[in-house]
Amino acid sequence: MKPWSLTVPLGAVVIWQIVSFSGLVPTNLLPSPLAVLAGARDLIFVGMPPEHLLHNHIIYSLLRVFLGFIFGCIIGIPLGLVMGWSSKAKGVLGPFVEIIRPIPPLAWIPIAILWFGIGLKSAAFIIFLGVFFPVLLNTISGVESINPVLLEAAKTLRAGERDLFLKVLLPGAIPSIFVGMRIGMGIGWMTLVAAEFTGVKEGYGLGYMIMTARDIQRPDEILAGMLIIGVIGLMINWSLKALESRLIRWQ
Amino acid sequence: HTAFADQKPIRIGYLQNDIHQLACWVAIEKGFYRAEGLDVQVAGIFKAGPEEMSAFAARALDMGYVGEAPATTAVANGVARVSVVAQVNTEGSGLMVGKNSAVHHVKDLVGKIVAVPGHSTVQDFLLKKAFLKSEVDQKSVRIIVLKPPEMIGASGTDQISAFIAWEPYPAKAITMGAGRLLLSSRDIWRDHPCCVLVADDRFIAERPDDVRAMVRVHVRATDYLNADTGEALRIAVKYTGMDDETLRLAMRNVRYTYEISREGELEYVRFLSGLRYINVSDPESFVNRFLQGVFLKEITGR
Amino acid sequence: MDLVLERISKIFPGIGGCESVEVLKDFSCFINGGSLLSIVGPSGCGKTTILRIIAGLEKASSGRVLFGVGEAEPGEKPLVGLVFQDYALFPWRTTLGNITAGLEFMGVPLKERLAKGMEYVSAFGLDGFENRYPKELSGGMKQRVAIARTLIMEPGVVLMDEPFGSLDSQTRNSMQEFLAGLWEERRDTIIFVTHNVDEAVFLSDDIIVLTSRPARVIERVKVLCKRPRDRTGIECNTIRRSVLDILGRESSKLG
Amino acid sequence: MKPWSLTVPLGAVVIWQIVSFSGLVPTNLLPSPLAVLAGARDLIFVGMPPEHLLHNHIIYSLLRVFLGFIFGCIIGIPLGLVMGWSSKAKGVLGPFVEIIRPIPPLAWIPIAILWFGIGLKSAAFIIFLGVFFPVLLNTISGVESINPVLLEAAKTLRAGERDLFLKVLLPGAIPSIFVGMRIGMGIGWMTLVAAEFTGVKEGYGLGYMIMTARDIQRPDEILAGMLIIGVIGLMINWSLKALESRLIRWQ
Amino acid sequence: MDLVLERISKIFPGIGGCESVEVLKDFSCFINGGSLLSIVGPSGCGKTTILRIIAGLEKASSGRVLFGVGEAEPGEKPLVGLVFQDYALFPWRTTLGNITAGLEFMGVPLKERLAKGMEYVSAFGLDGFENRYPKELSGGMKQRVAIARTLIMEPGVVLMDEPFGSLDSQTRNSMQEFLAGLWEERRDTIIFVTHNVDEAVFLSDDIIVLTSRPARVIERVKVLCKRPRDRTGIECNTIRRSVLDILGRESSKLG
């Protein structure tokens, strides 16, 4: 990260503060950055709802997102390898995937509760729906972008089907899979609020926290919560990028 | 009571931030469940009634505090099999206008936009009743659906002329200096049903003693909060995170009671059938099945 | 290992509105075990197709590929190695990983294949580069890795499809010398496709010159010059000239 | 589309019906396909809420999605061209984008209403948030994947900055932009329910319809609504693909 | 147009942990207007860098590029055309669209540029292919489009960086003949980089042979053979041999 890469976010914050001071925007609806900072402080020390502190919300949401993410990858990557490899599988499963893909996560809630009950699994399922499709689609396109000569080379070197999958298709698609994982992680976070609509057992979750702040009209805490999700998302994105550049040094 | 010790815990649910369900929080905070020998587990905190009813349908809950409206539609539409075992509150909603609004009477809403929290909600029904009472043609008012948290902001920016919501939103609008109460729900329909305590029918059949004990706790908690408003307020602040001025105002507008309002439910079922939201051919027998006052009667003797 | 192609035909069916393409028609040819045969011919005449059929990557429409006819045990189909023009290295594997890939696919234990892999790394002048990825290697090195990867499998027949086609001429010359040296030592059976007549003359025992599609053998030229050969010497130049003449006549026939 | 591409969806439906008949799954929460069909019929002829018929819901949602989509493209594509072209712009704006990207659409609702009021514009804004990021990120990667030699060729042919943008970067990034547009359209639909949480003035919208069916506890209509969104999404995806293959015949 | 390179140096600064690379050091050279100069030299010696500096795509660290010194009006910097090895055609433009791209960038009206474009389509033997996209063209055709696209701009100097490097040898020969014919007609000032000595001998008025990095001119060979030339004739072969010798000595110096 370059030092000037924070100029624009910081500049935006300063302008926002100035606008808030000037009274051009009603601060009861869009609080100033300083108010948001105070809101973040309240989230950390007072909690929202009270005694439900920020770090626990973060831990629970991370757990849900990661569970959804892992399953999104565990199912999306192998399925993507198969669908990228066999145009028949793609032809058969493709329309199915395309029908399910645009369905809003909120609409899945009743089904999520039916299938997975209240709690972690339901929430993770909603997040899974956000992660799964980008991972799947990028894995497919990753496999399709592999130079077919590599497959032939592997075949003349006596590679069996398993070797082809694990030692040619998978590594060849990895760069694209990583792109899908990063997009999927972003969308996973995007579906967090919907996921936590399925009912939280322990009273924790960032989406739940934001929705509670919304219930009691604390825009400062809503905004602080949004930015916290944003920053966590940014950090995870960076970690994935770092992992990516370690894993695919060959590119 | 210790006979239940080896039984599975009772899974309950409630709605986050709905102060109608204060009795539930009082019972938890004051340890009334434990005192009754009940092993109660909060299995789900929900943002809205339909999700809680989905949880009943998925057999993830045994009992729950929920709005009478979603419970009724869920049962009438065959989604969940639950019965009302006690009332939680009546009244407790308000029809609000902007603080400096020129609207001073329901009639003034003609040609304006009014927000309700959802179709088939009690508030939806209350608004229509208010129109009926004031002889306002429903079609002359534009009713839109908006979630209560957004209502205050929207009425503050003149996006809507009025809204009807459950407490604490009307009170919050007032303390924020954004709104004024046009009509409380008491003015529209005295003692109208609102939230209820429901139990899964299979749970009632299998563990009637637990249901009875739960109702006993509920009665105790309701009596407690009506008696000691100060402590109830403290608990409300803790569970919602809202300021106590708002909550004090809000609680004044809610009637906490466990007495089941049969007439109210009957009227409500007729209303929903009339709008074709549900399809109940014989409201009387539906209500007789849906309201199971026996446990309450055993406890209160009424 | 001897190899005989017997009346091979190949028709690519036309897809959509396209016409079907007859690339090979009753194509016959043989190569003696342990010799190096070059194939030259106009672009698109079907050279790659021939190699792909031998390697089993493409099925012939009719005809047979016979391995080891002259040998005691004709037995099963031997391993056929294929070296591609664009190297076809696995970009995610290091030099050593690429060279040992085939052994890995065949289930050779790790230690054994690393030992054998390092032998080939040295033999192919790749010492110090065994842990580099293909993108870090020059074109000549990449092609040496590709050849090592194929030869380490001890294939019965090695097919090379314009292996030096994308190298610059200096590198190309040194790779030709490298291959010639290697071959003289190992005596693999090699079929070598090239556009470059100099190269064919420098490397081969036999050169077959093909017509344009459907490919037929116009002439089979024996290159009897002693090895190591002098690229610009008279012997080689004579053969070069005659092959170029045949090719020239073939292309002028085309228009 | 191949004739067998519908085998899996149809097979899934048949299995689902059989499972429903067998009573293995509670039909009160997951209605059988026939019940969903009946639900769809009710949506078409009775409406949800009653008298609000399906075709109007579709029209209004299409309008919202397209408006959000168009703005997502109008802002995302040029910004993506700039960020792909100048690594400085990318460095400055990148973290900003990455922070905003994972914020759940539902969390934006209060701000959307504040900025855009209740109605079309707010809803379109929420959808815009779903569309914008995939379009932006794919445009950036599209520009970055352009062979730099093409830019040098254009320069030696006396192309000015404007020509470089409009006649080299834009067409060169088009394939990738289309991928972004298709992903963005999918996510736009995914955010539809959240978008229509901002309040629909006219009483129409597919997300609104589904949420009303949820309020009234009609799982058959919820599922019918989900599938309708899915099929519309599929059809739009096909149209975009058709447009794509017409526009980039050169690929 | 005459062109003089005056004591040009170019150092690529090392990024990260890399050392900086001195590619050119006081490199001087000239070309007479209307002549065809070839540059040959070891891989990586800096040939492409020289062309890029002349084209203005890279700035020299020091030294000057002077255009049209001998002319009446030295004036402003003329248009410098550049032809790339990999064609660098705009894949989204048809043949005609590619050929007229530069005219379009310069603001020439549609009708005019289409007319001129069609002239070039014909002159370059591309009739019937004017509405095809690059992917539908063969390598030779693509390179003809690339050359047409450059020459239609009437550049003062044309730079060609291994333009025929990725063509097979038959196509390459015919493209050399095509370029020779074209040049004899138009007499553009051309600097032609190649690895192929035959090609340099066949095409050029002068050949400069470079050392490895930092590039220096070892020798400037004049090719005086009459045109059209005989590729395998004695005259050409003698020059070819001597250039190859110089190059050979240079590479053996490297080890």
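We call the chains A, B, C, D and E, going by the order they appear; numbering starts again at 1 in every chain.
The criterion applied here is as follows: a residue touches a chain if its C-beta (ideal position, glycine included) is under 8 Å from a C-beta of that chain, and two chains touch if they have at least 3 such contacts.
Nothing here was measured: the structure is a model prediction, and the numbers come from that model.
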Subunit C to subunit D, fewest steps along touching chains: 2
Touching subunit A and also subunit E, the following chains: C, D
Chain whose mean Cα position lies farthest from subunit C: B
Leader among chain pairs (count of C-beta contacts): A-D
Geometric centre distance via CA averages, subunit E-subunit C, whole Å: 33
Cα-centroid distance, subunit B relative to subunit C, in whole angstrom: 82
Averaged-CA centre spacing for the pair subunit B and subunit A, given as whole angstrom: 35
Residues within subunit B bordering two or more other chains: 50, 54, 57-58, 149, 153, 157
Residues of subunit D engaged with two or more neighbouring chains: 26, 29, 109-110, 114, 211, 214, 219
Chains that touch, pairwise: A-B, A-C, A-D, B-D, C-E, D-E
Residues on subunit D engaged by subunit E in the complex (per definition of touch): 147, 149-150, 152-160, 163, 167-168, 171-172, 174, 248-251
Residues of subunit B touching subunit A in the complex: 13, 16-17, 42-48, 50-52, 54-55, 57-58, 60-61, 148-149, 152-153, 156-157, 168, 172, 176, 178, 237-242
Subunit C-touching residues of subunit E, taken from the complex the two chains share: 42-43, 165-166, 168-171, 195-197, 232, 241, 244, 247, 251
In the complex, subunit E residues that touch subunit D: 55-57, 79-82, 84, 86, 88, 90-93, 101-102, 104-106, 133-135, 149-150, 153
Subunit D-facing residues of subunit A, complex: 1-2, 4-9, 12, 26, 29-30, 91-96, 98-111, 113-114, 130, 133-134, 137, 179, 183, 185-187, 189-194, 207, 210-211, 214, 219, 222-223, 225-227, 229-234, 237
